[in-house]
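Look at the two complexes coming up: chain A is in both, with chain B in one and chain C in the other.
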Partner chain A sequence: MSTHTAADKDSAAPANNKTISLPISRVRLIMKSSPDVSSINQDALFLTTKATELFVQYLAVSSFNNGSGKESNSLSYSDLASAAEETDTFHFLTDILPKKILAGDYLKTLEQMQDEEADN
Partner chain B sequence: MASSSGNDDDLTIPRAAINKMIKETLPNVRVANDARELVVNCCTEFIHLVSSEANEICNKSEKKTISPEHVINALESLGFGSYITEVKDVLQECKSVALKRRKASSRLENLGIPEEELLRQQQELFAKARQQQAELAQQEWLQMQQAAEQAHMAATSASAAQQAGSSQDEDDDDDI
Partner chain C sequence: MAERPEDLNLPNAVITRIIKEALPDGVNVSKEARRAISQAASVFVLYATSCANNFAMKAKRKTLNAADVLAAMEEMEFERFLEPLREALEVYKKGQKGKKEVSEQKRKEKEKKNETDNDKSREEEDDEERMDEEPEAENDAEEDVEN
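Let's turn to the complex of A and B:
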């Protein structure tokens, strides 16, 4: 595995390469599974695929830079969840990555909800 | 790689592709497994987001196919305008690579050999291939025959030995 790519990249900035690494056919399948989407121009597909790559890079980098793992050089689930809450453009992710809560807290909340319903 | 469930909603980008991207973007960073899984799902979500937005823009434009323009406008309105320059560059690059490939293959076609000659060469190759296939098939058949004969002989001599051994005191009239 070549390591030269790590050296010539600024670790804070996403890589700027002119190729597409994600599988385009899979991106097309995902796009078509969106409701109402009928046909997609091939070039539009390329653009979407590359945009998705950039998104992954930005998500990873900003989660890491603002996260708690920076000192220990690690990236955790909660770093990503925080980035989703704090960055406007990542708000759409909050539906699929709720901040993890402890089971005990969840059960407490559940009990409270049940109590409220019983009172009504 | 193909998903075993037919459910469209389970479609995601392959984990390996995501892992590779994460490794290239954050070299030497330890990334938790559940974080990786999350990135995979975020990808799908992002694609849906862009597709839906581009689709709406497309519908308003009364065109039936989502065009590059629609995607670019979608990115802009979703707040990903900073991606636009780079994705456009990549599109240009992909197109010019494809163009070069097409030129290269047409150069091959113009080697100067007339079509009839090419056709003749092709027929020759096919005939040779057919002959080789036939010879191979015949060899296999012969081998199978030999193997079957040997197996038959082995079976009969084994049963003969068995019969001879188990009926020592009887008159063995059985013909093998």
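Let's turn to the complex of A and C:
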């Protein structure tokens, strides 16, 4: 019997890999962490997992295409932060992808603001 | 429920592979960028779930279904995902149907055996349950190699 099940698994595995690579169980856990959600059917779970994969591809590709690293062949955090800020569909990411600014620059703007206040 | 906060992360090795496959060959993705995309993916799941749940609630249903998820994609302005999602669902359903037929066959075989040997078939059921689990340990090992 054990050889039986092993053979079945082998034949099913390549088909599964083709459609989905993220673990469905983990996606279910994230979905269930939302307090309003009571239950999710199998198709909805599959679609959300697949959509997440498409989203990762889309976010990576559009950040790279609109980013600064095209010449150097690299994708950096700031490319992602720009995508979140500039692309409408990625706007919901601005909270978790804040634009980084240098401490020095921040101090300068702070000084400027104080100067302006003093002038007034 | 999620017991540790890292349970709400998606496996880094898989996320990295999806990013690499999507970008042109040889693009270097910084560690920070990979982490950011992974977090963005988790937020995407939550956002999609919340949108889909709104549609289910409007229809007075407690269970999220495929139509709710597709409606959520439209609302989130990810219409570009609709076609690939429908196609993938089609393939997935065919696969599930095939699986069902196989397990149906097994069940019948088991019933025959059941008549002769009860204890043995119980063991077999346990084995099958274990086969369905995701091989997450493998993913983690892969990650170590890449870094």
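Throughout what follows, the second predicted complex is superposed on the first by the 85 of 120 C-alpha atoms of A that agree within 3 Å, B and C clash if a C-alpha of one lies under 4 Å from a C-alpha of the other, contacts with A are read in each partner's own complex, and residues count from 1 in each chain.
Throughout what follows, a contact is a pair of C-beta atoms (placed from the backbone, for glycine too) under 8 Å apart; a residue touches a chain by one contact, two chains touch by 3 or more.
Computed from a predicted model, the values in this text were never measured in an experiment.
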{"item": "Superposed partners chain B and chain C on chain A - clash or fit", "value": "clash"}
{"item": "First (chain B), second (chain C), both or neither touched by A:S25", "value": "second"}
{"item": "Touching partner for A:L75 - first (chain B), second (chain C), both, neither", "value": "both"}
{"item": "On chain A, the residue positions that both chain B and chain C contact, one per complex", "value": "5, 9, 15-16, 18-23, 26-27, 29-31, 33-34, 36-41, 43-44, 46-48, 50-57, 59-61, 64, 69, 72-77, 79-81, 88-89, 92-93, 96-97"}
{"item": "Residue numbers on chain A that touch chain B, as the complex places them", "value": "5-6, 9, 11, 14-16, 18-23, 26-27, 29-31, 33-41, 43-44, 46-48, 50-57, 59-61, 64, 69, 72-77, 79-81, 88-89, 92-93, 95-97"}
{"item": "Chain A-facing residues of chain C, complex", "value": "1-2, 7-8, 10-11, 14-15, 17-19, 21-24, 26-30, 32-33, 36-37, 39-50, 52-53, 57, 62-66, 68-70, 73, 76-78, 80-81, 84-85, 88-89, 91-93, 95-96, 99, 102, 124, 127-128, 131, 133-134, 136, 139"}
{"item": "Touching residues on chain A, where the partner in the complex is chain C", "value": "1-2, 5, 8-9, 12, 15-16, 18-27, 29-34, 36-44, 46-48, 50-61, 63-64, 69, 72-77, 79-81, 84, 88-89, 92-93, 96-97"}
{"item": "Residues of chain B touching chain A in the complex", "value": "8-9, 11-14, 17-18, 20-22, 24-32, 34-35, 38-39, 41-52, 54-55, 59, 64-68, 70-72, 75, 78-80, 83, 86-91, 93-95"}
